[in-house]
């Protein structure tokens, strides 16, 4: 059983993508940082385990736990029913507020205004899936491999709209003051959860208990606010 | 192991895979034709006595060959946008791939040119053929014939390398795979299917080149030498 | 064409020098070829015969001296090479057929591309010159399908098809058997009768005797002895005496 | 996130560059050895050997390296083999490089003119002696430019090893970029670094070509 | 070696057939070469001389018939090729020197690699055979630095260095001038005196007459006439009559 293995090894291996700010990234001295990184560190500390980050890319987050190369994933996994067929999700430890952000000067009030405007997204993210499923709205989606490319596309003028987290929307204007972006239409709020291999019920229970405790004591909210600038939603904190 | 593969769950998205494969083939086809032209010109340019042209061709070839395609694609895509020029992802992808494969083609073609025996060119000179006629009749076609396998491999390589176009929002095969695997979290199934599709695409390309070779090199066809 | 007075040589070399690095290959070579004349260049291996021939068609630049061919100043840097080579046909020691073209395409290429001849006319011409060298049945073969002798005959046919004013041959008969040599000789005799001027490097003394109006014997990069074909039977220098003496072993 | 490029970022990129060099060396040594065997197998007198090696080459050459690396690492783990990322990357790169080098070298060997093979045969040299003493020395010259050309591609292609967890040059650049959002500066640095690694190789091959090029001109590359 | 009775031929072809696709090149060829005999294969271009020679050293597999060379059954698929080729030396129409090796290395390669000769000994041998062909000063040159004639002589030297029991020559003198042909003839005569057996394809009638013990005249893939060198002066078939008749133009 995985929990026993972890306890025995005194070490937990966590699969985290360190190239998706602000959840996983490097600080100016090239140490891992970000909201997911701090969640992982908190977990390891609470359980008295050594922490090992398994460096992954978006494509290998899941195979890493499926093949036993990592124990769990903390890497902005949004919960969808489709994905739940492959791995198990814990209860949510955070949420991700996503908006459609556009050039400030752009007159966008509602969905019809977006017609024929290219919307940049990170490929395969839940924002992408959500927008892609809005078939009736005739949206034009430009998919980039990661957030950085998506931001660069917005900064350089390849797209005037993006579908991503509010934090990233604000970042565009910082990079290029001539192109200030702001949130125009709220897209959705996704639950973020820890992922693990199917059938590890004991580990799952223990993770869920840990999440419940740290939601209650406000530690997870503190981490979230530190990196995303806002509190977790009220319904989660109560 | 507990890993269970569920191909039907991924295969049901076959229209997306198909669209991705078609786009990959389109990118490869455009870049192959344009890159072959550009590369041949650059190879001829490197061989001219005009040191300005030769130098420019050399710088082009060396810069492109010694830097990653991904960086080239970024520079074209974002660079053009920063200059206020907006082109579709497809146009940019074809442009970047052409510039890239042109440099490799130039090197291969140059080797082919150098492989033409001196006596052949002297014989043609002795028949009063002009430089252009010699290039066309005596150098170009036999050189292409000699390096044809290398060219074929290079263009198949280009098709495989076109996967980085996913970075600039071209929805080719790898982009489709990335989307499907992060949507379903079935990375194994997706990558295995994609591997098979790429093998099929490369076989399609090789078959195409083989057929083209039969048309271009009648001697090979007559004498039964494998291409 | 008949305006050039017949006293004006078609090919003339005056004091031509040529070195490859330290090796002096042509050390002041002079000779002239009159219209309609057949000149045989003989001499032992390495004496510079091929080099002299290549200088005439400007495949080598001379270091010093003067070469005039059909009025072209070949030694000058500004010589019009394409015009020169329309007037001069050259057949090499190694035949240099174009391997990717059929024999017919090898032959029609230059008439069509250079002289703008119509394809049908060029094909007729190809057939004609192939008949001359006894190869008409190989019209559609590729060079590699021919034996060495057949390839050389095809190369001669290709050169004949350009109908040049001077023909240069570098040991063209060395790969031909006696029967074909005779055929080629007949072709060459016919050409000579039509007023064709020829310079041929050859090792075949019998051939030289039979066809040449004049012999140039080269030795160590110099013209050592020159004169009518009769010098082969009564040489004046000891070198030529030795050269034709051993040569007699052959015939 | 945000901030400016500092020395730590450069050190991080430097470490990535070291991995790139290391992986390239492994790929070239492993791929070179296996590729040589493949080249010989492709011209083997045994039909079955020729066929097997041809299938191998077609399969590998038709598959993107990314997929080979992915299946090499996770695929082996999925069927019960525990392999370290280094082992998996080395094995995958070796298989990949071997398919290409093998094919390049086969072409070079076969482009040595047929009369040369026959002359060597007529002197009663064994197959091995013919290869080593007559054919390979002539093939090497033809093989040099395409081989070095491919080496340069390999240096760049090792970037795909990030899929099995290597933070090599390209990946380290992406990580830094995703913290800083300075794509132009960072990709310029990456481009220059790759150029600095690859260009000497190209120069080297050109020099080699010139030095060995004593006039053997009627030989074709692969 | 002397155990084989002298009545046993060293090379024998019996009813050999060989086609390239539809083209029948050897159409039932039979002849034999005794120990110490020099046999000249003559015939016009394309008559199959080179092909017959190549069949003897197994560069072509025959379609039908029997070939025995120094006791090796060359027509059999299981013939020991290396043993065969140690007994047989072959020199080609195109010289095929190894371009990446010096002349000395070209010559010492096979003796060292095949016979395990010591380097010093092989170098002495190289010098010796180069003296035989008059090329001793080119010991350290590369093939491309030699003229055509010089390259062919080096190729002959390379073959001589293996001291084979039979030597096959395919028009080896066609690129040599008379003086050098004489030198090579002397070498070959000396070899014949030492008991060397030789088969040579040649277009040189004088050469054939002077050196050959026996003549095989090939015509359209068949042995048309065969006999001592005297058949060249008094041929019995009209084809040979025509062949030597035209050949006389040369000598």
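Just so it is clear, A, B, C, D and E label the chains in written order, and each chain counts residues from 1 on its own.
Everything that follows uses one rule, which is that a residue touches a chain if its C-beta (ideal position, glycine included) is under 8 Å from a C-beta of that chain, and two chains touch if they have at least 3 such contacts.
Please read these numbers as outputs of a predicted model, since none were measured by experiment.
K.L.:
If you check the contacts of chain B and chain E, which chains show up for both?
P.N.:
Of all the chains present, those in contact with both chain B and chain E are C, D.
K.L.:
If you take the chains that touch chain B and keep only those that also touch chain C, what is left?
P.N.:
Per touch definition, common to chain B and chain C: zero chains.
K.L.:
Taking each chain's centre as the mean of its C-alpha atoms, which one ends up farthest from the centre of chain C?
P.N.:
Between chain C and every other chain, the largest centroid distance is to A.
K.L.:
Using mean C-alpha positions as chain centres, tell me how far chain A is from chain E in Å, no decimals.
P.N.:
From the centre of chain A to the centre of chain E is 82 Å.
K.L.:
Could you please state the distance in Å, as a whole number, between where the Cα atoms of chain C are centred and where those of chain E are centred?
P.N.:
30
K.L.:
Between chain C and chain D, what distance separates the C-alpha centroids? Give it in angstrom.
P.N.:
51
K.L.:
Based only on mean CA positions, could you tell me how far chain D sits from chain E in angstrom?
P.N.:
Those two chain centres are 46 Å apart.
K.L.:
Quick check on chain E: which residues sit in contact with 2+ other chains?
P.N.:
94 - these are the residues of chain E that touch more than one other chain.
K.L.:
Mind pulling the residue numbers of chain D that touch at least two other chains?
P.N.:
70, 74, 78, 183
K.L.:
When you check chain A against every other chain, which residues touch at least two of them?
P.N.:
If we look for residues of chain A contacting two or more partner chains, we find 59-60, 63, 66-67, 149, 152.
K.L.:
With touch defined as at the top, which chains are paired up in contact here?
P.N.:
Chain-chain contacts present: A-B, A-D, B-C, B-D, C-E, D-E.
K.L.:
Give the list of chain B residues in touch with chain C in this complex.
P.N.:
Chain B residues touching chain C: 117, 119-120, 122-130, 133, 137-138, 141-142, 145, 217, 219, 222-223.
K.L.:
In the complex, go through chain A and note every residue touching chain B.
P.N.:
Residue list for chain A touching chain B: 58-60, 62-63, 66-67, 80, 82-83, 85-87, 120, 123-125, 128-129, 142-145, 149, 152-153, 156-158, 197-199.
K.L.:
Please give the residue numbers of chain C that touch chain E in the complex, ascending.
P.N.:
42-46, 50, 93-94, 147-150, 153, 171, 174-182, 185, 203-207, 210, 242-244, 246-251
K.L.:
Could you pull out which chain A residues touch chain D in their complex?
P.N.:
18-22, 25-30, 54-57, 59-60, 63-64, 66-69, 146-149, 151-152, 155, 171, 174-175
K.L.:
Spell out the residues on chain E that touch chain D in their complex, using ranges where they run on.
P.N.:
Residue positions touching the partner: 57, 59, 81-82, 85-86, 88-90, 92, 94, 96-101, 109-110, 113-114, 142, 144, 158-159, 162.
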